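Two complexes are shown next, each including subunit A; its partner changes from subunit B in the first to subunit C in the second.
This part shows the complex of A and B:
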């Protein structure tokens, strides 16, 4: 503490340590905030369902979904943003779990957190195993909470099960 | 800056930044925005720098009584 540079070093270091301390307390406050949501997710339409050739024969389906949910309470003081995505899950003879992302969204603002989106689709469900016909598909809503500090948490809620038709739908 | 002043400066920056951290944490929790907490800690650090970095007169109130230099006769 006898010179200006030494005092500057000590004070700025201590400020950094206190900042890390309040950040740690911030992380410790995370479990006290709710992270459960209810989501209304359903298939709106199936405009395209056909087969094509892409490195061998593949089946593809265009699942158009409606999403309705309120994520406002997920925005607390340790939330930077939310990553939302919808997966289509189905089983084949060979593999128990097949998950394909059909829609995703990055939510940054608390004011946009009430989601009511109709007729959404981004990605085709592409199946190289040619097993989509007559298969049961389960749509699930996933949300990852990306915090200011701490670990990213992944959650999966909602479920909408439907059966794909036995015939192709030609667009 | 004398020894008493150094001790005082050390107490000032420690208490100031910690109290700013506590207040900022509470305000950030109430407002649910960590930006407030960050600005409180950064502001407390800046204020501590302002109070403790320069050699202010209030840190020089206990000067050391040095012995008078011996004057050697040639």
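This part shows the complex of A and C:
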């Protein structure tokens, strides 16, 4: 009746159920942690704005941004890391929705979560529709919460709107 | 010799009706697993709702052997920063990467560019020759949940295919020869 394999089986099953229960409680506990984030985001400079040929004509702009925020309270018992990124969002006649990531950052330590970064830039805004001139661009700050286990969530806060010039800027 | 065979035979001493019952039990286990899988497909809307990460290109978020739950709603818009799983024509293995750029027109047609967090450049070199963008058809799911390490057994079985057969044989024998 009580063989070794049977006992091992019961222990494994029960352990699995307990772990799944703890995971469920963990996921359910998330709404109780504060998740209000305020971000100060603005365009610092626009060093390059021109057109080029990349398998067809494209316009590109280099948006350099300043960012200031405090994400310390997002680190709780189920936060493995935060993935931060800034998107440039705009509309053109051809494409109604355009979202381009211009900067991203992997935040792993709670001690580094007070962010005050100036003159940040990583990726060009490259527009295949050639409609960046005179266009209004909205900068948004986004973050993903990667949990130790559980749900991966995506959040969007803060914005800064500006208009691109009507003429190219040559570096 | 016959004596030895009968001693080693795990079914020795079990009545025939009980062996039949164990076969039915085995069938139940297999069909339950299949039912859970099919239910997950309906629930998530993705053709493969559970995937195992096979590469380190999304480190440190996801590592080799981590398990991901995918959900997919074809109507909900796809936006930059979402972690998606996509499949390129002519390539076997789906890739888990993050959406870097999105262009969507009024008809709902997408141009999508992806990049792995741990890669220095975007994914254009992974796409087919002369393919600049992914479209919505390439995407098979977006990452909704995450469990670390659970998929490690799949990685081991993927690396040593014979282990898979050995495991199935051993598990089947255990299930069939269990005495109540």
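Definition applied: the second predicted complex is superposed on the first by the 170 of 171 C-alpha atoms of A that agree within 3 Å, B and C clash if a C-alpha of one lies under 4 Å from a C-alpha of the other, contacts with A are read in each partner's own complex, and residues count from 1 in each chain.
Criterion: contacts are C-beta pairs under 8 Å (C-beta built on N, C-alpha and C of every residue); 3 or more make two chains touch, one makes a residue touch a chain.
What you see is a predicted model, and the numbers here were worked out from it, not measured in a lab.
Legend: residue contacts after superposition of the two complexes on their common chain; A:130 is shown touching neither subunit B nor subunit C. Looking at the shared chain after the overlay, A:87 reaches subunit C, while subunit B stays out of its contact range. Taking subunit B and subunit C in turn and counting the residues of subunit A each one touches, the greater count comes from C.
Legend: residue contacts after superposition of the two complexes on their common chain; A:78 is shown touching subunit B, with no touch to subunit C.
In the superposition on chain A, A:151 contacts subunit C only, with no contact to subunit B.
Look at A:7: by the touch rule set out above, it reaches subunit B but stays clear of subunit C. In the superposition on chain A, A:114 makes contact with neither subunit B nor subunit C. Of the two partner chains, neither subunit B nor subunit C is touched by A:24. The interface of subunit A with subunit B overlaps its interface with subunit C at residues 23, 148.
Per the touch definition, subunit A reaches subunit C in the complex via residues 5, 23, 55, 80-81, 83, 85, 87, 94-101, 104, 106, 108, 123, 126, 128-129, 142, 144, 146-152, 154. The part of subunit B that touches subunit A in the complex is made up of residues 1, 6, 9-10, 13-14, 17-18, 20-21, 24-25, 28-29, 31-34, 37-38, 41-42, 44-45, 48-49, 52-55. Those residues of subunit A lying in contact with subunit B across their complex are 1-2, 4, 7-8, 10-12, 14-15, 18-19, 21-23, 25-26, 29, 75-78, 148.
Subunit C makes touch with subunit A in their complex at residues 60-62, 77, 79-83, 98, 100-106, 111, 117, 130, 132, 143-148, 174, 178.
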